[in-house]
Amino acid sequence: MALDKTGIARRIAQEMKDGFYVNLGIGIPTLVANYIPEGISIEFQSENGILGMGPFPIEGTEDPDLINAGKQTITALPGAAFFDSAMSFGMIRGQHVHMTVLGAMEVAQNGDIANWKIPGKMVKGMGGAMDLVASADNIIVAMMHTNRAGESKLLTKCTLPITGVSCVRKVVTDLAVLDITPQGFELREVAPGISVEDVRNATEGKLIVGDNVREMEI
Amino acid sequence: MALDKTGIARRIAQEMKDGFYVNLGIGIPTLVANYIPEGISIEFQSENGILGMGPFPIEGTEDPDLINAGKQTITALPGAAFFDSAMSFGMIRGQHVHMTVLGAMEVAQNGDIANWKIPGKMVKGMGGAMDLVASADNIIVAMMHTNRAGESKLLTKCTLPITGVSCVRKVVTDLAVLDITPQGFELREVAPGISVEDVRNATEGKLIVGDNVREMEI
Amino acid sequence: MIRKVVKDAKEAIVGIENAMTCMFGGFGLSGIPENSIQAIRDNGVKNLTCISNNAGVDDFGLGLLLQTRQIKKMISSYVGENDLFEKLMLSGELEVELVPQGTLAERCRAAGAGIPAFFTPAGYGTEVAEGKEVRWFNGKPHILENAFEADFAFVKAWKGDEAGNLIFKGTARNFNPLMAMAGKITVAEVEELLPAGSLDPNQIHTPGIFVQRIFEGVNYEKRIENRTVRPKA
Amino acid sequence: MIRKVVKDAKEAIVGIENAMTCMFGGFGLSGIPENSIQAIRDNGVKNLTCISNNAGVDDFGLGLLLQTRQIKKMISSYVGENDLFEKLMLSGELEVELVPQGTLAERCRAAGAGIPAFFTPAGYGTEVAEGKEVRWFNGKPHILENAFEADFAFVKAWKGDEAGNLIFKGTARNFNPLMAMAGKITVAEVEELLPAGSLDPNQIHTPGIFVQRIFEGVNYEKRIENRTVRPKA
């Protein structure tokens, strides 16, 4: 069965390594914070100016001066630090943030990503996404494998204006875990109950299937 | 009679305008702080990271964590701020500092200044001088008119490696006040008891003498 | 002490003119100069180019100046959450330049720090890079971005002193210190204005040299855009 | 909490190798990483390239590593006040690259902030500009300067916490926060090391993300280079 959003977040949480500073985008990526494996230490950065971001505040303790990049009220953990936007993106561009998890509208088999604009329809802006994808060594995309119309979001080439070039390293969808390799989308894992054929049918871009595809453990 | 260093400092202090942020170099420029006219407000910046620099500390209260760019122990006035070197030179390059007073070995009639290096003899480095002279709109040089060998320090062209190009606006020496103009060193004032001829004899570069040369009031 | 204290926002915006470029601090509705925005609306000045990470919401923040059609152009990184904005943009009434958030921040800082241009990897290969110089460093492509220029910068701080020093709180800091550096005239409104000497000089975020005018703001609403909470245990 | 605390300077410098490039915070003798410098001297590693605004004095600060001939090259803005330095430089034993102080600071920050190069007016028309690209902005010439690279950055702070957050005191801040951003491995020594949560997150100068190793230093001398005082009233 295809994963739900929580399942995608759980699977991505397994990618975290001890000592990582991590930036989580809006949507599914935000959920990842809830599933960090026991025994490893991670700190979350939000690009609007906090390191050491904690969970949402207890009702009644919200502070308008303490939000995340999704403009949600948050809390700060012991050891947190606040800083301005130039320093924040200094951390990002300077590759001090080890991993970025982002949503996407489309990912191409060469690692291009599109997630900021649908010409004529939606022009909200790129926010910090272009800085994030151009900088981090380790970009993971969290998204559904197909859009609401059932069309694949894993493409030969992006059709929407791109956010960054050849930057995505890994895609985790409701159906599969795929690495971006020079050959294309290399299938690593399938969701429980999902077949390689299911993934192939949902993937427009070039899919590489090796011998060692396994089922996700989540 | 030619001015002493204190006299030069007193004359330069008259150039200060209310609301100026000022950076004073090492040597004669440092003395300027002692002669700010009554009724105007000035704040001193030192490029190692303080705004609102005060006088030297009372004996016994020196703090190794509180020095100026000459590495002298100082104090901080109420309203002072400390900052890092990048922000400090941001203030300087960004022209937030209104006036810079520097010493010099040589000044050329086009406003070039040399004050950081004597090849083969003295190579201490430029410190912040190159940033200061390249940035400020209002650079005043405080120096003796001639060197110890009696040679003019106001030249047609600098002989030493320069610190900056066409940047000096005004020179105040023991003999005179001169503006740098497209025509050369324009004599504005002479020290009490000094004649225009004295200044002419001590000036190797092109000297412009208008009708309105007056005696310094200090 | 250099005199910088003004009475209120009305006095603080004196000199603002049609077609000027103005920066506004804040991220979403957090840390925005509420008083200055109100005063600009009351002033009625028109054809402004506004540099701000976001454009407020329909009835708050810079949304107020969109309602009154005082903004000709917005330079921002993210402009969602504002229906009027979308309508004005699609109808062509409002020009919009979208800039990656980190580039926006750095272009403000650069303006204040006398750095006219710098290379950044952000936006390479995208629409943002069109017409910009590309150069490779360390095996990676970068684009050349220029410093902004701004006639006024409007920022909001938590505490300030009469010397113009500012301290921000939490993530309300965001773009404020960078824009404070960048304005030809920087106006700081603060929740609490204190005598010089009241703030620890080690803790100043924006040294007073960057601030030309400062006042204690009134009636801060500090609206929360996206209230998210955990239930009480 | 990400683990960063090490026992002492000896443990903090593990991995340092001959011919590495190291940054050292401090201005004159103020804010220098005294413990780390001692440990590097004891370690004996050689042929270092050192980026530091100054080179210490004969018997303190980086002067200690000059005595032992561990430094191959100094990149600094001002190297006066050190006779041994002058002797080594003139004899050719020591390479020296002089950099304008503001450019030095900005090249450190740029390294940490992922800005590979930027334009600055400082040094145009001087020896410093030789071989560098010149470009005019706003009617003024500027030169292109590159970010530094450093294997290690050694910084000294007043207070630090176990999360690596740093707070500096007075003008001992200087280059320390910039170099902290720039090191592949940044070692912070602090006068007081506190548990996470002890420092106000609004007051952090260097967020812990930039610091890989932190320890509480011992026996700080904090020598004053140029003691100037007024007499007691």
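As written, the chains take the letters A, B, C and D, and residue 1 is the first residue of each chain.
We adopt the following convention: a contact is a pair of C-beta atoms (placed from the backbone, for glycine too) under 8 Å apart; a residue touches a chain by one contact, two chains touch by 3 or more.
Remember, it's a predicted structure, so these values are computed and weren't measured experimentally.
Visitor: Farthest chain from chain A, going by the mean of C-alpha atoms per chain?
Guide: The most remote chain is B.
Visitor: Return the distance between the CA-based centres of chain A and chain B, expressed in whole Å.
Guide: 55
Visitor: So how far apart, in whole Å, are chain A and chain D when each is placed at the average of its C-alpha atoms?
Guide: The separation of the two C-alpha centroids amounts to 36 Å.
Visitor: On a C-alpha centroid basis, what's the spacing between chain C and chain D, in Å?
Guide: Each chain's C-alpha centroid was found; their separation is 32 Å.
Visitor: Counting only residues that touch at least two other chains, what does the list for chain C look like?
Guide: Within chain C, the residues that touch at least two other chains are 106, 109, 113-115, 120-121, 168-170, 201-202.
Visitor: For chain A, jot down the residues that touch at least 2 other chains.
Guide: 50, 76, 82-83, 86, 89, 92-93, 135
Visitor: Pull out all the chain pairs that touch, please.
Guide: A-C, A-D, B-C, B-D, C-D
Visitor: Would you pull the chain D residues touching chain A in the complex into a rising list?
Guide: Going through chain D, the ones touching chain A are 1-3, 109, 111-115, 161-163, 165, 181, 195-197, 201-202, 204, 207-210.
Visitor: Using the touch rule from the top, collect the residues of chain A that touch chain C in their complex.
Guide: Of all residues in chain A, those touching chain C are 46-50, 55-74, 76, 82-86, 88-89, 92-93, 112, 117, 123-131, 134-135, 161-165.
Visitor: Of all residues in chain A, which touch chain D in the complex?
Guide: Counting only chain A, the residues touching chain D are 18-19, 21, 41-43, 45, 50-52, 76, 78-83, 86-87, 89-97, 135.
Visitor: Given the complex with chain B, which residues does chain D contribute to the contact?
Guide: Result: residues 27-31, 53, 76-81, 86, 89, 96, 98, 100-106, 108-109, 120-128, 141, 158, 168-178, 205, 222-233 of chain D touch chain B.
Visitor: Can you list the chain D residues touching chain C in their complex?
Guide: Chain D reaches chain C through residues 106, 110, 113-121, 135, 137-138, 142, 146, 167-170, 201-203.
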